[in-house]
Each structure stands twice: as structure tokens, then as C-alpha cells.
Amino acid sequence: MAEASRLNLPAAPNTGAKPRTVGRAEPVLVVRAVIIVFILLFWEAIAQSGLLYRDVVPSLLAIGAAIVKLLSAPDYYWHLWVTASEVGAGLIVGGLSGLLIGLALGGNRVLSKAFEPYLYYLGPTPKIIFFPVMIMWFGVGPGSKIAMGAISCFFPIALSTAAGMRQIDKVLIRVGQSFRASAWQMATKIYLPAMRHPIINGVRLGLGVAIIGTLLAETKLSNQGVGFLIIQAYSLFDMPRMYAMLIVLFVLAIGANALVGRLGGLSAIRQL
Amino acid sequence: MPSVATLPKSGAAGAQTAADAGILVVDGIVKQFDTPEGPLVAVDRVSLSVRPGEFLAVIGPSGCGKSTLFNVIGGLIDRYQGAVTVGGETVRGPHPAIGMVFQEESTFPWRTVIENVAFPLEIAGIARKERLEKAKRFIALVGLNGFENRYPAELSGGMRQRVAIARTLASEPKILLMDEPFASLDEQTRLLLGDKVLQIQQDLQQTTLLITHNITEAVQLADRILVMTYRPGRVKRMVEIDLPRPRSSDVVSSEAFGRYVAEIWSDLREEATRGMQDEESRTLHAGAAS
Amino acid sequence: MNAAALTRSRIFPLALGLGALAAAILAVEALIRIGVINRFIVPLPSQIALAFERVIVEEDIAGRFRLTLFEAFTAGAMITVVGVSVGLLLFRINILRQATETWVAALASAPTVLMYPLFLVIFGRSAWTIIMMGFVAGVPPVILKTIEGLTGTRRVLINVGKSFNLTGPQLFAKILFPAALPTIFVGIRLGLIFTLINVVGVEFLINFGGLGQLINDLAERYDLPGTYAAISFVILVSVCFFVLTEWIERWLRPVD
């Protein structure tokens, strides 16, 4: 009977490992480098040619200098901090309420059918048009910007949370019930972990639109923040500075998006 | 259809000796579902009694209500007639003395093996160090030592089911309730896993109630087999399996084994045929109506 | 009705949703009238309703609507032509696709609309700024979905074509492209939605154009009921547009 006690069943292959194709990455890098170089050369050619109105296409040197100047000025970081905290606050307000509403709608079929259509159809609308109302409600300070960020990210987060609730494997809920987990334990140890992917995707999307909503509001009416700086550069016709700010902004926004994506990717190895 | 087995009176605290008294008593369960086509009786007056340390298998064709019975006993379904008692206590909702192992993939994909197995202990509020140590023991019991820190995605289906079994065993239930736990596994894995379960059950003297549709599995593992009819599910017959203990999967080649299987199949075939005819006629009518 | 039937019925949730909305509007009306909500911050819903008519008549809603639609459709045509062509190109030239696909995906989530001051400089305060912003916003999903549709054609369908000795161009025209079309339409629909959102948004921001500009105008005039009415109108247009594109997409893909 000793043999029976040792099960020699083969383990499944580790699904976390990705096959490495060495040497394949290189042509792609070359092509990318070529494209970038080509664009830069093309740009510089237009800049030098004087074809377009002065400074609409500034020389790369001017843009580079402006980036350096921007990043070495301490007050840029102050404005960046203002924007970042507005986005953060908007994400918290919109995200938490989106999460709660999403949980409520996802958990109840009737509520979902009654109210989710509102979210679904109101989602793809230009939120910036609510800005005048936000100003009336929250004033011309950071409050209205935070509100813009919040209503921008509320919708994608609520909708992905609701969808996430519905796609939870029902058996996992029964496991929790069979072990008599309390409601709080069910929520924190089963529901939320089971929904981590839809939630992270929702937050990723929410972050993107929160950034857009907040910044647009800053460009429209503000005296601080990155959006304000961009409009200021526009009104001063300081094009190199505007390009510099847009470039830095894009790098930060894409970086933030990638970071949240990584968070989701890390847990992807564990997924069944 | 005659109801079977000795039924100690409900509320059997202080009844006959523990050996006679059923530790799990299911008394006259009737469960009806409301469907768009009208009320459907899934389980009709099913009664059974499981003795301590016994391995009882419930077998029936698909659609005989055995999963419903599983959920009723486990306390996941309410609003039924009849009663389920464990050690004299009526079951109203999931009971600490009953541990459930589900048919589907039920390991938590975001937790490691040891975190999965420690889950019931975590729910019960046991301290981390203690529960991880305890979980290690049950992981070893199902033969998965070395895999404590792996994630379910890295394991095969059979290994994941072992994790699920270890997790339920970690809550040290008086009664282990399993709903077709090997349904998604291939035959060889099933036989070997069956061996494992048998061994664990014998080591722990674990009272077990296994729901299955697989006759060889039932005869291999059980002391008694309860055969159910097709919907509405009733008790058709109770069969005593007199194969020697301790058992291993070698028993499948014995003559007695073959006879038991044949005996149960003859009972089951009638029910399974009825089931198939019922399905066919419903599909026919659904097609004609659309 | 028991809980199960309630869950399955279609009328009850609809009634619940509409009823809750109506109740909310009535509650707001009541709260403003009794002074709990400041009527200079939130106008009476009844006044907003009246403003609807005024706005439609006095502010030439029809003309503004036409202008916004013109901008949106121009941008929409551009994203379709450019998006599908670029998608096709990237599909054909594998190495280009591998190099640039992630860039396009990053562009899709980047705050491109923040470039509107730049476009203002280039195109001035005109419809072209708006159209170009709509274009930039809507083109990435079209490209990505075109690539997805073409690369996602099931292997077996291509093999069927090869087994019938179809030439390269025939394989593309008769199998690849038709198979990719549903996904391409999804991309165009997504692109159109982003385009419309950005068109109206930029109209508001630069105070030029049709409906978006109307909201900005009314807000600057402190016409509260008018502003709320105009916002509601734009939301309505946006929702109708969304539903319309959904219907068209469903009509174009009867099987799925």
C-alpha cells in the first residue's frame, strides 16, 4: 500500500513563463529607431524651411531647450503637484463611488437592468460640458477640477465593477458560504479579489479620463496646474514651451497608464 | 418506492449507541423549484442516514436532483420540506460540522495552495502562524507537499481538486460532503485520486457523503450506495457494498466488484433511459414550438 | 409576483429606472422650491424644461446641430479612410505593425485632446481645429480594430481559400476582408464615438462651432436654465448617436 500513498501525477507546465525568442526583437527595434529618426528629421526640415508660420513648428533644439528649462524650473513641479493631487482626489471620489455603485448594480439583477443603462448610455458623452455647472457648485478653485475628474472616471469604473461582479465564478461564492464567511469576509476575501482584473482595467480607463477631464478643466478656467500652464503658453505664443509641456504630459500620462497596467499584469500570472 | 435505512428519531441526542445512530440524518426532503414552465419537483421525499465513519455514495442519472440534495444538506438552499440534522442539530444554513467539496473548479486563483487550504481557518479567526502550520499538514495529507507556494494556475486539474479537498478537510468537518469532485478529471487520474481519498478517509475515519454519477467510482469508494430515481428524485434502492477494507483501486478487477457494478447499473439504466427520453421529448417540443 | 419573476420581467426594471428618475427630478424641484437647494446654483427643473423651447427657437439649435454634425461627419469620414488604410498597411507590412502597434494603442489612451491649444495655433479658431481634434481622437481605435479584424480571421477560413487556389488579392477580397468587416465596423463605431465626444468638447473649449459652443455661450451669459437645457440637449444628442451607431452595427452583423 505504500505506493498508493504517493501520487505521481505530472504537474501542469508553468503557465507564467513566456517563451523567449532571442534575436527576434532586434528588427523591431531597428524599425522603431528608423521611424523615430525619420520623423525627427522631417520635423526639423519643416522647422528650418520657414514654410509654416513662425514657431508653429519650432526647431528640435528649441523644443529640447524648452524641455530642459521646464524640468529644471521648480514651479513646474508645483503646478504638476497641483494637477496630480486634483487628479488623485477626483480618482478617489469618482473611483470609490463608482466601485460602490458598481458593486450594488452587479450584485442585483433588477437594479442592474433598471439603472445600468443610464450609466452605459451616459458614459460616452463629453463630460467637459458639465464644467460650468461644476463651477457653480464647487467654485473656481480646485473643487470644480476635482469634480470634473470625478465625474469623468465614475462611469468606466462603475461599469467595469458591475460587469466584474457578474463574471465572478459562482462556485467561489458558494465556497465562501459553505465556510460561513461573514459579509465583510465575503466582500474582502472573495468578491474583491475575484474582481481584481475588471477593477484594475476600470481604474486604468478611469485614470486616463480623469487626467483628461481635470486637465481640460484647468485649461478652461484655472490659475494653477499643468493645464493652466499650457493655456498660458498658448496665450504668450511660447510654442517651444507648449510643445515641451505636451511632450512631458504625454510621457507622464502614458507612463501612469503603463504602471497601472503592470499592476494588473503582475496578477495575471495567477489567473486560472 | 420504499424509503430505506433505519431512521433514528430526529433530535436524537441520547438516542441509541453512537454506532447505530446516524451522525447525518436526512429526513423526508422535498424541494420544488419555480420555473417558467411551472413548479418542478427536484427532490421528492428523500431520506437517508449516514453512520459515523461511513462512506456513503449517492448515485443517480443526470437530472435526478442529486446536486440539489447536495446543496440542501450543505445548507446552501433553503425553503424545502423535511429536515437535515447533524449530530442531532438541525441544519439551517451552512453548518460547521459539514464540509463541502464542489464539482467545479473552486480553488481561489489569486491565493497560493497554502493560502487556499488555510482559508477556512482564516475565516474562523485562527492566527496566521498556526493556520499555516495546520494547512501544511492537510497539504501533506493529499500528497501535495512542496506545492505550498504555487498558484492553482500552475497545477493540473487533479491537483487543484486535491487542494479543494485539503481546504475542506482543514476545517475538520464531521461530515465530508462531495458533489462529483472528480467529474472533470480523466479516468486514470480519477482512479488514483479515488485511492487517495479512500486512504484519507480511512486514516481520518472521516464520515463521507459522495454524490456521483459514476458507478465504478461509487463501488470503489463506498460502504453503501443509495440509488436515486430520475426527476423527481426519490430513493430507489440502498445497496450494501461488502468489499474488504482497507481498499485500493485494485479492487476494480475483482469479481465482486463487477457484480456490484452490474447490479447498480441495472437499477440505474432504467432511470437513465427515462431521463434521456424526457430530454429528447422536451427538445423536440421546444423545437416544434419555436 | 415573486422575486424570480421580478428578476426576469422586462417591464419592472424599466419602470423602476424611469420612475426613480422622475422621482429624483420631482425631489429636486421640491427641494429648490422650499429653499434647501439654492435656486441660483441649481435652477428649477420646470424652468429648465421651459428653457428648452426658448433655446431651441432663439439659439438656432437646428443650425448649430447641423454644424456639429458636419464637423463630426467630416472627422468621421477622415478617421474611416485614414484608419482603415493605415490598419491595412500595418497588417500587410508585419514588421511595421510589430513596431508601431503599441504606439497606436498608447495614443488611444493618451490625453490627445490636450493638444487643442496647439491645433488652435495651427488652424486658428475655426471648424478645422475641431475636425482635426475629432480626427486625432477617433483614428486610433479604427486602426487597432482593423488590424485586429484582419489578423483575427480564423486560420481555417484562410485554408479553405487556399484549398480553392485563390490568388493573394482574391484571398484578401473574398475572405480576409469580409471576415474582418464586423470588427472593423466596431472600430469605426468606437472611433465615431470618440470623435463626437471630442468635437463637442473642443467646441465648448474654444467657444466656436455648434452645440458645444452654445453651452459655453449660455454659461458665460449666466443663463442657468438655458445652460442646463443646452447640456441636457447635448447629452440627448450624444445618447441618440450612440444608440444609432449600435443599431447600425447590429444591422450590419445579423449573425453573431
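Going in written order, the chains are labelled A, B and C, and every chain counts its residues from 1.
Definition applied: contacts are C-beta pairs under 8 Å (C-beta built on N, C-alpha and C of every residue); 3 or more make two chains touch, one makes a residue touch a chain.
Keep in mind the model is a prediction, meaning the values are calculated, not measured.
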Of A-B and A-C, pair with higher C-beta contact tally: A-C
Farthest chain (mean CA position) relative to chain A: B
Chain whose Cα centroid lies nearest the overall Cα centroid: A
Intercentroid distance (Cα basis), chain C paired with chain B, Å: 53
Whole-Å gap between the CA centroids of chain A and chain C: 19
Computed distance of Cα centres, chain B from chain A, in Å: 47
Residue numbers of chain B (touch at least two other chains): none
Chain B-touching residues of chain A, taken from the complex the two chains share: 1, 4-7, 9-12, 14-16, 169, 171-172, 174-175, 177-182, 185, 189-190, 193-194, 196, 267, 269-272
Residues of chain C defined as touching chain A within the complex: 6-7, 10, 12-14, 16-17, 20-21, 41-42, 95-96, 98-100, 106, 109-111, 113-118, 120-122, 193, 196-198, 200-201, 204-205, 212, 215-216, 219, 224, 227-228, 231, 234-235, 238-239, 242-243
Complex contact set, residues of chain A against chain C: 27-28, 31-32, 35, 52, 56, 109-115, 117-118, 121-122, 124-126, 128-133, 136-137, 204-205, 208, 211-212, 215-216, 219-220, 227, 230-231, 233-234, 237, 239, 242-243, 246, 249-250, 253-254, 257
Residue ranges of chain B in contact with chain A within the complex: 74-76, 93-94, 96, 98-100, 102, 104-111, 119-120, 122-123, 143, 147, 151-156, 158-159, 171, 189, 192-193, 195-196, 199, 246, 248-249
